[in-house]
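These are the structures, in structure tokens.
Each of the two complexes below includes subunit A, the first together with subunit B, the second together with subunit C.
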Partner chain A sequence: MTNNASIIRLLVAKDWQLFQKQLALYVLAGIVALCLLALAKPWAFYLGSLMLIVVVVAAACFSISASLMVERKEHTLAFVMSLPVSPWDFTIAKLLGNLVTFGVPFLVLCLGTLGTVLFTPLPDGLFVYALLIFGYVLFAYSVALSIAMTVESEGWNTFAMIGSMVLINPFIMGLAQIDAISSQIEQDAIVWSTPAVAILLTQVILSVAVLGFTVWHHARKPAFY
Partner chain B sequence: MDKALQSGRLHYMDHLRALAMLAGVLFHAALAYSPLMQPFFPTADRQSSPLVDVFVWLPHLLRMPLFFTVSGFFAAWIIAHRGPTGLLRQRIRRIALPFIVAWPLVFLAMSAATTWAANHVQHPSPLLRLIHDWQANPDAPSLPPTTAHLWFLYYLLLFGILHWIARTLDFAAPGRWLLRHSPGLLLLGLPLLLTLALASVSAPHPAPEGLLPQFWAILFYGAFFAFGALLYGQPEWLERAKKLLWPLLAACALCYPLFLWQLSMETPSIAAPTASWLVALLEGCLAVWLTVASLLLGRRLLDRPSPIMRYLAQSAYWTYLLHLPLLLLVQYHLMDLSMAWEWKFLLATSVTIAVCLLSYQLLVRHTPLRRFVG
Partner chain C sequence: MTAAFSLSGIAKRYPHFALQDISLQLPEGQIMGLVGVNGAGKTTLLRLLTGLAAPDAGEVQVLGHRLPEEQVAAKRDIGFASEDMRLYRSQTLRWHMTLVQRIFPAWDETYADELLRRFDLRAEQAVGGFSHGQRVKALLLLCLARRPRLLLLDEPTTGLDPVARIEVLEALSDVLRDEQRSVLFSSHNTHDVEQLADTITFLHNGRLVDSADKESFLDRWRRVVCQGTAPADLQQWPELASVRNSGSLVEIKARHWNEQLPDRLASLGLQVQRVDSMALEDIFVTAVRSGAVA
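Presenting the complex of A and B:
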């Protein structure tokens, strides 16, 4: 299967151009959240960490809803079909565009948070816990993105997007119930317990598998619909 | 300035940046002999002089604000000439990569030198004594790493992101409006804004060396970066501000003694860790007015090619990256000598600058490293 690289690049750039205002806002909110964490006060820590989670989840939902659901609603696909672009090119462009628009704020905030844990008086044990939470957001995003790329129904897409992201709460609560993970949070050392490694690997493998399946599924489609 | 811009080289901006970075070497060397810094600086010498405090805080209030103003100016220049992608590439090559490579090396070198000094210097500073006791305690937690004097690279990267955000969301409109009006508006308004940032930290303001971005540093240094970036779009602002050079210098001459006097009354302590509003206001006024006065003076005196200044400008980045571990090493060795502080200062700065320039000549100037730190 061959790619029309220049068209894919243009479509990704188009998504980036269209959404960069909102992404800039998300990154700004993320920097404010990191500054709050830097104040090293309990209220600022809770506000900053809550703000970080809200920003990452909002960036994930925005990326999917703006680039796929809204475009579908506005029948942008009909216009794209008039371009010299194949269904495969379009799939790859949408996937890459989404990964870039979500990936930039996600990476900035994830690395910022991990750096915060490592290089401030916060206990280093939070490192694994924070990484698992970001891992969950990545997995939830991959699921919601795959469903949005595959299923036409707006209702199902909204359900998948909100459902997967809202489940972050029970996920965080669930982590707190695993003694091997929760007992390390307040320790000043990074401990890779078996459950933590297993959960992280599962998140990464499932995220890649879900996205891989979506690409494979679309590669078999001879037409846009 | 327009002609200079068209020719592609702004000598005075290059030279001012070099002078601001080289002033950092002198500033750090002088801190060892400042009575005010005795409890806080690792190379604080037995001999100190109040004269150092009289002279050292003026360049402190000027050099980094001036550096960030020039950096903002050049960031806008690169966007205008090479586009945002060009700026991104330049920031990765000239800031991110040097920071990633130099930071661990600088941090390890400084830690090794300080550990050696804590165990070997016969007349240690209060901070070295504290470090010695800390090391003797096996239960003492390890201190979090800092960016040391490379914090300016960290903040340049951060300002690169904030610059993109400001351009994307058009946050620059109020700044452009401000620069279109009388220069007095900015010269009086900006210090008030900076007072908010400076009143949240001790005086003289510390270096934001932590690995997390700090609100006060973003507001303080970010304002100068933004000012520099806006100045590129409205170069006539400096022309309009030209007539204010002497009033600005006179105002600084009045404010600085007042600042020193207030500082002597408010020594930072655990009970009062932040500056008073008056000291913060004086710091804000001095930082803004000195920066603008330096730009005006630089434009008048330094805007011509000079081989020496060119060489210093090209070597300044490397010199600044390298200077602090070297300086600490030299000053740790000088601490036990019973020389006058003036000689120690002269020796420490001469050796540090000589080694930095020599290593620049041998390792950077004619090698691929020049593209990154030359």
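Presenting the complex of A and C:
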């Protein structure tokens, strides 16, 4: 399988150019949320964490819908497919484009959150808890992205995107039920309990597996239609 | 003569549509008009020629490349624009031109500027503000300025006002001054096809109805008006596409006209009153209604 590296680079840069302004707004909103968290007051923590989750989930949904669903709906994908790219090049470009457009705000906000936890009066025990929540968003994003790349139906894509992201709520509640994790949240130390490490590893492995399967699936396609 | 493309024994099946047994060839330097009603299979055929779709059977060769396997190499020399293709609304035409220029080394900046003036397009305007005609012309500019050896256009003149239509047709005519460049364009509009094409192909219900060079197409078909009553078996003559009684007149449309036909009709008691050439639209409608398959 040969790559059309220069065109893939151009297509990734194209996606970045198209969506960078909106993504900058998400990062800005995320920074406001982090500022609220940094106040370390109960009301500000509640408001900031809620806003942060909403912003990260919205950035994930925006990245997928703008680069795949809207392009498909507005027929700009037809323009891209008319360029000298194979289905394999297109898949790699879309995957990398999405990982860049979502990955940059995701990393900024994830690292910003961890930094806020470590360098403000917030208990350091939140570090692992926050990381697990970001890990879940990464996994949900991978599932939604994989479905959006594989299935053309807008309805199924919307269902997968909203469904996977909405499940963050029961996931957070579930974490609170695991004593080894919830008991460390208010401690002023980072504690890597066995369940926390297992969950984080599972999230990362599943995310990589889902995206890997998507690439493998598309690599077998000789043509777009 | 080298073929710009050749299709042999092509079949492509979808749940509610199938393209069947298509064999077609376009010599380099020629322009082919592909005529068919909605759902005839024109878009599917063009998708096969760009490697976007893979045939279920048969072989597709474009500019010496086998498709879809070698679609990247083929698409470097193909300019493809379809009626349902859109540009990025939030970006300017200049942004699109820069993107395409980076991908195609043969991009001709001088020609692009000439087309901008000719099509009266503003490069710095966001594409979202373009009218339908401007959008079609912008797509055509992006295709033409890369100097493709093969131009594939799906319904390029559909929905255009008369002025924009003429501008687009003139631009396509100019492309053909270079004998190494070939064009395949699909259209409902038989007038456009008649004006521009060297070769005409009719497609209907996923099958090739007829394909020939324009002159022989127009030479082969005739409308014959006779007085008398047509015998019942006249419709079965292979050279006739349609026979219609209207009072004491019989209108016959011949798909393979020959000089002996009036005498043969006279021998049946039909008095030939007029023999007329047929317009391409009439030929197309008659060919499709007669259900003939090439």
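Keep this in mind: the second predicted complex is superposed on the first by the 225 of 225 C-alpha atoms of A that agree within 3 Å, B and C clash if a C-alpha of one lies under 4 Å from a C-alpha of the other, contacts with A are read in each partner's own complex, and residues count from 1 in each chain.
Heads up, the rule we're going with is that a contact is a pair of C-beta atoms (placed from the backbone, for glycine too) under 8 Å apart; a residue touches a chain by one contact, two chains touch by 3 or more.
In this text, all values refer to a predicted model and were calculated from it rather than measured experimentally.
Novice: If you stack the two complexes on chain A, which partner ends up touching A:7: first (subunit B), second (subunit C), both, or neither?
Specialist: Touch status of A:7: second partner only.
Novice: A:120 in the overlay: touching subunit B, subunit C, both, or neither? Say first, second, both or neither.
Specialist: Only subunit B; A:120 stays clear of subunit C.
Novice: Touch test for A:222: subunit B only (first), subunit C only (second), both, or neither?
Specialist: second
Novice: Is A:81 touching the first partner subunit B, the second partner subunit C, both, or neither of them?
Specialist: Touch status of A:81: second partner only.
Novice: Under the stated touch criterion, which partner chain does A:89 make contact with: subunit B (first), subunit C (second), both, or neither?
Specialist: After superposition on chain A, A:89 lies in contact with subunit C alone.
Novice: Considering only the touch criterion stated at the top, classify A:28 as touching first (subunit B), second (subunit C), both, or neither.
Specialist: first
Novice: When the two structures are overlaid on chain A, which partner does A:18 contact: first (subunit B), second (subunit C), both, or neither?
Specialist: Touch status of A:18: second partner only.
Novice: With the touch criterion stated at the top, can you tell me which subunit A residues are shared between the subunit B interface and the subunit C interface?
Specialist: none
Novice: Which positions of subunit B touch subunit A when the two form their complex?
Specialist: So the residues of subunit B touching subunit A come out as 141, 144-145, 158, 161-162, 164-165, 168-169, 210-215, 218.
Novice: Spell out the residues on subunit A that touch subunit B in their complex, using ranges where they run on.
Specialist: For subunit A paired with subunit B, touching residues are 20-21, 24-25, 27-28, 31, 34-35, 37-39, 108, 115-116, 118-121, 188.
Novice: For the complex, which residues does subunit A have touching subunit C?
Specialist: Answer in residue numbers: 4, 7, 10, 14, 17-18, 74-76, 78-79, 81-86, 89, 222-225.
Novice: For the complex, give me every residue of subunit C touching subunit A.
Specialist: Answer in residue numbers: 47, 50-54, 68-69, 71-73, 75-76, 78, 80-82, 84-91, 95, 99-100, 102-103, 139.
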